[in-house]
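See the structures that follow.
The same chain A turns up in both complexes below, where it pairs with chain B and then with chain C.
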Partner chain A sequence: MNQRAHATTVLAKRRIFETLISPGYYIAQTIGLVLAYLLVAGFVRAIDSSGFNYSLNPAYELIGRSLVGAFGATFVEKLFSEGPFLFTLYIAFLPVLLYLAVSSVFRFGLEKKVGALELLTYGPADGTSYFLAALIKDILMTAIYLVVLLVFLLIAGIANNLILGPSFYYSLIILFFLSITIYAYGIFASSLTDNSASAIAVFLGLLLFFIIIVMGSFTVVSGYVRNLTSVFAWIIKWISPLFYWDLALRVVEVGNWGMYFTGIALLLVLSAVVLFISHLTIKARGVRS
Partner chain B sequence: MIQTKNLTKRYGKFTAVDTVNLNIPAGEIYGFLGPNGAGKTSTIMMLLGIVKPTAGEIRLFDEPYSPKRLDLRRRIGVVPEKHPVGMWTWMTAREYLQMFAELFSLQEANKRIDHLMERVGLADVKDKKFSEFSRGMLQKLSIVRALLHDPDILFLDEPISGLDPFGVKQVRDLILEENREGRTIFISSHILSEMEKVCQRVAIIFGGKLMAEDAMGSLLNTLAKDREIHVDLEELPADLAAKVKSLDFVQDAAGEEKTLIVKVPKTGDYRKALSKYLIDQDLVPLSIHEKSLSLEEAFVTINKENINLFAGIGGEK
Partner chain C sequence: MKVQRLAAALLLLLCAGVLFADVPVRTEQFIYSILAFNGKDYAGTFAREEADTIYLVADVDNFITVRNVFVYFWPITQDWKTDTSTLNVPFQGTLELGGREAEPQRLGMTPYTYYNIRGEYELNWKVAKEQEAEAAWQHYQELMDAYWKSVSAYYEKRAMYEAMLNELTVTITRMRDQGQEVTPLIDTLKELKAPPEPQYPSEYIVPPVPIQKAFILNLPVGEYKIRFFTEDGRIMEGSERRIVAFEKRRAEAIGLEVIPGDKWTRPVESKTPASVLYIDGSTDLYLRPFFQQEYNDLFYEKMRKNDAKGNPTLMKWVRIQQVPQARVEVSRPSSESQMILEEPFYVEQVKGAALGYQIVPFDPEGKHKDREPSLQAFHVSISEDQRVIRLRVQDKEGQYLPTSERQIRVVKPSRIGIISLILAALPLVVMIIVMARRSRRYTS
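On to the complex of A and B.
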């Protein structure tokens, strides 16, 4: 094992242990699972003789209207066509995704500022082994949570006589790879900045930017937003992980498995490119704040 | 062991380090002095591979050095000025050191940790969370961390800042002991009295340029404008200072209680001639000694106005 790989392994072990003994990860998981429970229970209460009718549940009505407003009715129909689980998956995944991504970005900035990162690089570690360790930790913690969420929703499905449809499983897999790219962008934001606050601002700005771009590809109510985002989307959609997520989910609906796996592969390629740029940025900017 | 050739660091138009040439042989305790903003930290950061030089060359262990050389970085131990606060708070001192031992793939790490913690007087607290440590304890822990992997070169940045007198002595003894075992030690500090006690050679950097570099004794001698001989006498006659002033080699003389203070040129040893003169005057010198310039006194003689006078004392021309 070369020195960078060894340093990455040593640091990753510490980061994983640290995450497992701190309350943040469990709080995010609890929030995600409570949201999952509320959404599944709310869905069950909004079923009448004609099937799911989100207007029967005030919370779902609000969610439904907002989603139709942002993404269009077709999107919302597809989202709920297999029951509550697809929507629940995305919502219940968000707290853990954001917790892991933002805490890593915050930590990177803090360690740079107080000199901890510099201290590690006095030895055989370097900035790259440090961020790879954080990425490994985030990937592992994400995988654990997705398994927990899957088990939770399987139990909820059985309890309510509902099944998890194929779109759920496709989305579950692609969400895992999507999260890797989002973590890579977190590292990129950290490598560009000197402290936690600016790193988080850049990272959240990037996420918002990607969301706006992907919104442009759906039928949105506001023509202004559509026009604005479609221009951006054509130019820079290639750097957005949400583009590949959307692509993979669209093609899998028509049974194009090849393109589905291509979408996953492209997410991995994008992650690798973003990490490589981060590596170069850290090399150029150094590990001192 | 450590060599630099025309090492330069520029930040935009500002030159922080200007063509610095260092040559530090193995086994030396080397002091690196300079006021704030002189270029000390930039030089050290380049030597550690943390900051990339704008120009020039660094050689460590007779090999070209760059941040990519992780193999060479393994042979260096670093004690930064401040230990990072607020990080790894869940770790005990032992767990913290074990992390670094693992990074360096050390065999028998616990044995080494116990030995070093004992040497710095932290044996009793090694299983306590180090986030509860005082600044002095953190400084000692930092030194232990830097020595864990038995480095060939130890870089110390302000190693005794924040330590109590007992801690200062412990660290000083540790530095001297490590040096006796053959380790090359590079110290940057503002506490000049301590530098004087431990360093064999010192360099003074000012405005990014290496202004002076020499063995401690030679440097002090060079920087001294003149010398003072202090003679303790049984009695000090009122007119003695005036009489002594008339001697060829005396620049000035004064009496303080029973001590005669004589200023002489910095070249030559005039103690014998002065003793002879006093005995001829039927006086009994009880003790005679030359007051040497302290490093602190020497350091403050260097300032913006006279810096050019000092340029070239073993340093840059």
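On to the complex of A and C.
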């Protein structure tokens, strides 16, 4: 066990170092921050004497109309009631989340394919310590980016006389834990498959499936489509990280902090379960492709 | 020649196609006509054949009737409508209501009326059934009869007054022309007063509606099933529906209606303390605090209009009624808190090419004489220098109302916005430094 922990630490340090010296992480961060800048600047330009009016900014008009069409006016009203930051947080977080998750999945598949992972396991490391190291790297890089994003948005807020509302902070915290579960699913997809392409396909397929299920329950479409997604959601929701994310945000809206932290704990439990299944899969299938 | 005639006929046919607009297809349908209480008012909707569920607020009286009407889709407003002018056949019978746990019960039609009486609050809705409905309707009729009698008496007195006025004026003119003394007559003319106009009965905000018969559903929260039985005891085909009785999740919260001084027709609502009102500071604001309740978005929208869309996973705040005799505390960073009171205002159209409206203080003695104020609101002056204004609402006893805190922030596009863009590019700068250092290390 100690040997595995040591191997995990060494591998994690190496992976973090490699991430910091390669351009991908910085580019993903820049994309996220530039998107955040554009969204905040657009919001400021869409304010008139009666408040935020998304029709004043072409980009926001497109976003607003699309969101109203898909999720209804109440959704959009809630999304922007505290300012632009809640929407900005999710949009600006997406590039880094996808970069970290997909790059880890890709590398896992690649190293499995070329035999690098097998080589590692001849030493003190095993498949589990390898994926735990990747997870630690992803968690740390996510935390760094969330701090950078928070500081950036605080500065943008001060510059424009905007404030980050409570929903923003609730979402910021839960996003961190949500990303851990998403990375765990990335590891699970990698452990199931033999190469990078199929690992990425399985991972993105899973992610898309969870998104469609949660979006289906949010849409304003009536009748058959919603009923179908409701049935699917009821069956699938227990394994979807987005269900616990939604649950936590929904309960904290009415001040139920206990359930909010339960939602976070459930996300961690789900991550642990997915990682344990990945561990068993690797143990059963080995690290050779 | 024949070809020309044919072409002309074809052209005419084409024109006919262009000229005659599409007439919506009307289909005869069995519908449930619903008069539902929405937390603040009674509003009508209907459930057509395709609608499998009726949504009602729990623990209040809702009225349902069944009828055959023409139903059509109106593309301009994108909703379904009934054409009752051509076909409107109400059915008599009984309604079977069944819950998940309870045994089905048969409901008969009950005569009813509903009305809203004037009180401290806007909402004092009463539902009167059977004998009580008769009494309420009778009382209203008596009030109206008395009013119309007093109106009739007023017109008689007014006619007499005007005749007397006319007679006196003619007499004074004639006597003056003849050089006679008219002072006593002028004094009489001055003393002559027009009879007072009778006041419309003020007992009701909404008077009782004429007595009608309906199935009255006052259901606890839950899901139910209904079907309609005709007078001969047969089940009406296609009358099965599900009923969802829902309740508010939260109540007694405070919302603020915000009317900008230059956009009287475009008020906005601030519904939670966390919601911030960002404005450009170009005009003053007029506020109206109101009580609000929180409902499921889908259920509430469907209750108001059965074919409406809504989001089943979201809750929405619904404005119920204005907070009576409230006061608003306004805090600005550079000055002490100020308590503002509700005042009457008048909306004037802006003259000239600018168009639009402006809100001005109501002047009952001056230029707004004999007019009613356009709105009663709390005036909050806004200036671009004061970038944050905090508000809190007090009730008539001076107690701060929970969830009434709000922030108004004056936002202007920042000159230092470009710094944010530079900051956004900072990771790229870090990347260049890291890569340059590593490149230097390996090349040396």
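Criterion: the second predicted complex is superposed on the first by the 283 of 289 C-alpha atoms of A that agree within 3 Å, B and C clash if a C-alpha of one lies under 4 Å from a C-alpha of the other, contacts with A are read in each partner's own complex, and residues count from 1 in each chain.
Quick note on the criterion: a residue touches a chain if its C-beta (ideal position, glycine included) is under 8 Å from a C-beta of that chain, and two chains touch if they have at least 3 such contacts.
Quick caveat: nothing in here was measured; it's all calculated off a predicted structure.
J.: Looking at the combined model built on chain A, do chain B and chain C fit side by side or clash?
T.: Chain B/chain C on chain A - fit side by side.
J.: Using the superposition on chain A described above, determine whether A:Ile213 touches chain B (first), chain C (second), both, or neither.
T.: So A:Ile213 meets neither chain B nor chain C here.
J.: Using the superposed model, determine the angle chain B, chain A, chain C defined by their C-alpha centres, to the nearest 10 degrees.
T.: One gets 160 degrees for this angle.
J.: A:Val287 contacts which: chain B (first), chain C (second), both, neither?
T.: In the superposed model, A:Val287 contacts chain B only, not chain C.
J.: Is A:Ile27 touching anything from chain B or chain C once the two structures are fitted on A? First, second, both or neither.
T.: second
J.: Touch check for A:Val252: first (chain B), second (chain C), both, or neither?
T.: Neither: A:Val252 stays clear of chain B and chain C.
J.: Going by the contact rule set out at the top, does A:Val274 touch chain B (first), chain C (second), both, or neither?
T.: neither
J.: Who does A:Lys78 touch here: chain B (first), chain C (second), both, or neither?
T.: In the superposed model, A:Lys78 contacts chain C only, not chain B.
J.: Would you check which partner chain A:Thr121 touches, where first means chain B only, second means chain C only, and both and neither mean what they say?
T.: Touch partner of A:Thr121: chain B, not chain C.
J.: First (chain B), second (chain C), both or neither: which does A:Gln3 touch?
T.: The first partner, chain B, only.
J.: Who wins on chain A residues touched, chain B or chain C?
T.: Partner touching more chain A residues in the overlay: C.
J.: Check the superposed model and tell me the shortest C-alpha distance between chain B and chain C, rounded to whole Å.
T.: 9
J.: Once the complexes are superposed, what residues of chain A are shared between the chain B interface and the chain C interface?
T.: Residues common to the chain A contacts of chain C and of chain B are 21, listed in rising order.
J.: Which positions of chain A touch chain C when the two form their complex?
T.: Its residues touching chain C are 20-21, 23, 25-27, 29-30, 33-34, 36-37, 40-41, 44-45, 47-52, 71-72, 74-75, 77-78, 81-83, 148, 152, 155-156, 159-163, 165-167, 217-222, 226, 246, 250, 253-254.
J.: Over in the complex, which chain B residues touch chain A? Could you list them?
T.: Result: residues 45, 48-52, 67, 70-71, 73-74, 76-78, 80, 82-88, 90, 99-100, 102-105, 146, 149 of chain B touch chain A.
J.: Touching residues of chain A toward chain B in the complex: what are they?
T.: So the residues of chain A touching chain B come out as 3-4, 6-7, 10-11, 14, 18, 21-22, 110-111, 114-116, 118-126, 283, 286-288.
J.: For the complex, give me every residue of chain C touching chain A.
T.: Touch list, chain C to chain A: 249-250, 258, 260-263, 266-268, 270-272, 274-283, 297-298, 309-316, 387-388, 407, 409-414, 416-417, 419-421, 423-428, 430-431, 434-435, 438.
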